[in-house]
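Heads up, the thing below is written out as structure tokens.
By written order: A, B, C and D. Residues from 1 in each chain.
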């Protein structure tokens, strides 16, 4: 609907003149910047930048932008990504038995909220096949156990490659990915590629059965956390969190029910931020440019 | 301003007919119930009740209500409290160097939000003496260290007895009370008497420096938790929690600043609920009757 | 899943002894009360009550509860409703072109969050027929215009009668119901039967295009309001409201997108409260017993 | 505590190259940008920018920055402001009888949250004189009525001039300022100088007694709105809003009590944003650069 834009994300050692350097590069090529945001982390001496400009009238063709940005990044000793607002990356959603997060994501794709395609749903239970079918996604039923995890992940990685998947979303997958999986699929720098939704406001209630433990502790709010997946369980950089108030009348089943809304909201928000390239990772945390 | 009421809190083993029994007792004495709330915890087989009725026209004089309620509680094998809405208990506030929680409580007392008196402020630093003076409270400066903790607490307990204190509020006191202190001052059953404000959304970031650790972890929300103090550090029954969204631009100093508002709100809410006898403790958690 | 309960809602002139009277009636028949809540509106001299008790072991059979309650209500000069927690009333959802509210309700019915059946979807556009079909609901396409409104509503009322509909939900129906429709279908007392979701935090932005007007006004939060429908446009008793923060970068399209989540949450909450008989109307407002 | 910075705010017609132009001007003088944010309003063809850079090492002395920025603004046909982070402007607080907003602001000044001085409190009732005295502010008691409004405002303007006041905060002043007052004191462009706190989530409940009207309407949330004052009553650009949930048990007095917290939070947030030059006004609305 809106005119297509290019988005440059850059992370590099901080030094004076970087905003001018980056905006100057865009302007020198006739680009009209529609959004520019930056952050300096003084403790780490890092500079993070996100610049978005209109493609119409820009002096460089799309295919030339990436190499030029690479040269810029090399000169600044930084990492970078270039993206276009009208691009729809292929995304795989990993699920188990619960349908709410999957359905919510697929509905948001259909409604235009999430600029992505979902050609592939991977599941360790067969339950959600009809939902994948209904939204035109392949459904790969790959039961995972301690015994076959290596093999199952190898098959998952094949499927990801086959469908040219650029982002994996764990939508209540309830399984831990191995370091090996991450080493193969994930990106090692500021631009992670696996998002998980955990059903607590991390770092509270890491690990299994957070709602049961929240009930036991008697907390007055529960929450959900969308984060990038790293080797550390529930320890990856947090993208979005949401909470909801609970009371003494709420049983574990109520917490699970109310938590579903938190999970849907935090996950949808995180995925949208990721797809619009509004998230960058540094020092185990995220900058979110809104 | 409003007509005075009596409030009965009761916790006892669950059995059919308890609502009728309690409301019947009030009605049989001509009491007009203005609020009645109950909760059954089926896992523990417990019944919790709070009944509030107008004193005007009630058949029993104030001094006869408590003994009658005690007989009722004994018959039901329960614990109980009776309170009157126009009663203003004496409360001691324990502080260290930070003034915001103390000031907020004292202002709310003055404005009529908190039905209590504050004759005594106890501090392990001298900084806040002028504030206590300004609101007419005695200020007891009792430095506490590992070496003199026992002695200091003995003096604190003397002061509490002297001022007939019924509730202790730790308003950023930054010290741990010993089991011995609690054994002497606190009530062992459903009606605790020491409230603390912790500067995180528990159980996340228990212990020291929660804002620093929240910053390190990169959470997208911070919070505060008001809870009853028990022997377990930051593990007592939670009364109220509040949170606020933070972002990557917020430094630790910003978290501390924003957290102050969370702390004030959660603490004020918890104290008001406690004073209006809307809180009961069971199974390490609270029922909050609003 | 949980054992079935009976729920009595009663609204009557206030007088002493009502809590005992109602709880006594339940207890006299051997009922174990699992939840009891009451409210006295002193300005209007009204008493509102909701009592829920276990059917197992209750002395009266289901079919005898309602007549007995009616006699009680007559004696108290009040209005009442009796409901059973395992009952699933037939509900009709009215829609236009937007799918999110309809889908969300149907998902929540399927997941067990909303104790109701949806045999009928009525629409003034044909777009959402596939969704109705997919969830097994009849889809009645009845275009409405100024010219045929009377006729269309007559047909709607026929369909409601045919499917024995007990609740109508306007899920972004974008049409006003006539007084005549309400006079026929709605209940005139404390127990309304038509719920609407309006896309603003009422009373702000009543009427058409609230998101456009919210953007124009430059508000920092937008919201949604679920309310019972009365003859006064967007003026009926409010059941639930939700809000979300917005900023200067959010265009009208963003407000619409973010508002969809508010609408889904407020509507789902209101419908659940209604179905669990937690809502009563008095003086143009609701008491919500949670 | 942190090293002092300069802040340039600029609003001008949009055109390509503006980010480069502004950041280039800073960089050309050796400035290290610590924060830069921009917004293009495409409907109005406007560009808004806020750039903050370290003064240490900057090539221009402080007194030369403003004239240079003026030349830049003239060339871009825009309006601008230059500010320094270590500057503490003189602020006057207008009050009536309620103390909570005044006290909260003064506490926040003392705690370092709000970079300003408060040499002057103006009141139309004498009640709050002790508070002004306690924080070292002059207290001007100027009763205002329909009969003497012109005269009283003339005296107010004299006092503002005398104390070199740069910002007026109406902290529950409960009086309307005349167009004449605004014409004299306020700034006519993007940088208004009078902030009011209104006790509703505008545009709901504009005008008098919003809490009473909120209670009458039966809303499920109440709120507060901090906004710049313009000639249109409660119609000025909104800076911050906050809300809190209410229920059927809350009487008007409870709404007033709970609203005080909303008012304090929204007002403190707005004043801090204003003082840090994070707010700019365009088209009757604000951009808030955080």
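One rule holds for everything that comes next: a contact is a pair of C-beta atoms (placed from the backbone, for glycine too) under 8 Å apart; a residue touches a chain by one contact, two chains touch by 3 or more.
Treat the numbers as computed from the prediction; the structure is a model and nothing was measured.
Interface comparison, B-D versus B-C: the higher number of contacting C-beta pairs is recorded for B-C. In a homomeric contact, the two copies may use the same or different surfaces; for chain A and chain D, over half of the interface residue numbers are shared, pointing to the same surface. Among the remaining chains, C is positioned farthest from chain D, on the basis of C-alpha centroids.
A separation of 37 Å divides the Cα centre of chain B from that of chain C. Contacts with at least two other chains are made by residues 35, 247, 249 of chain D.
Interface residues of chain C, counted against chain A in their complex, comprise 1, 35, 99-100, 103, 107, 111, 113, 134, 247, 249, 253, 257, 260-261, 265, 290. Partner chain D is touched in their complex by these residues of chain A: 16-20, 23-24, 26-28, 30-38, 40, 57.
The touching residues of chain C, counted against chain D in their complex, run 39, 201-205, 217-221, 223, 237-241, 243, 247-249, 283-288.
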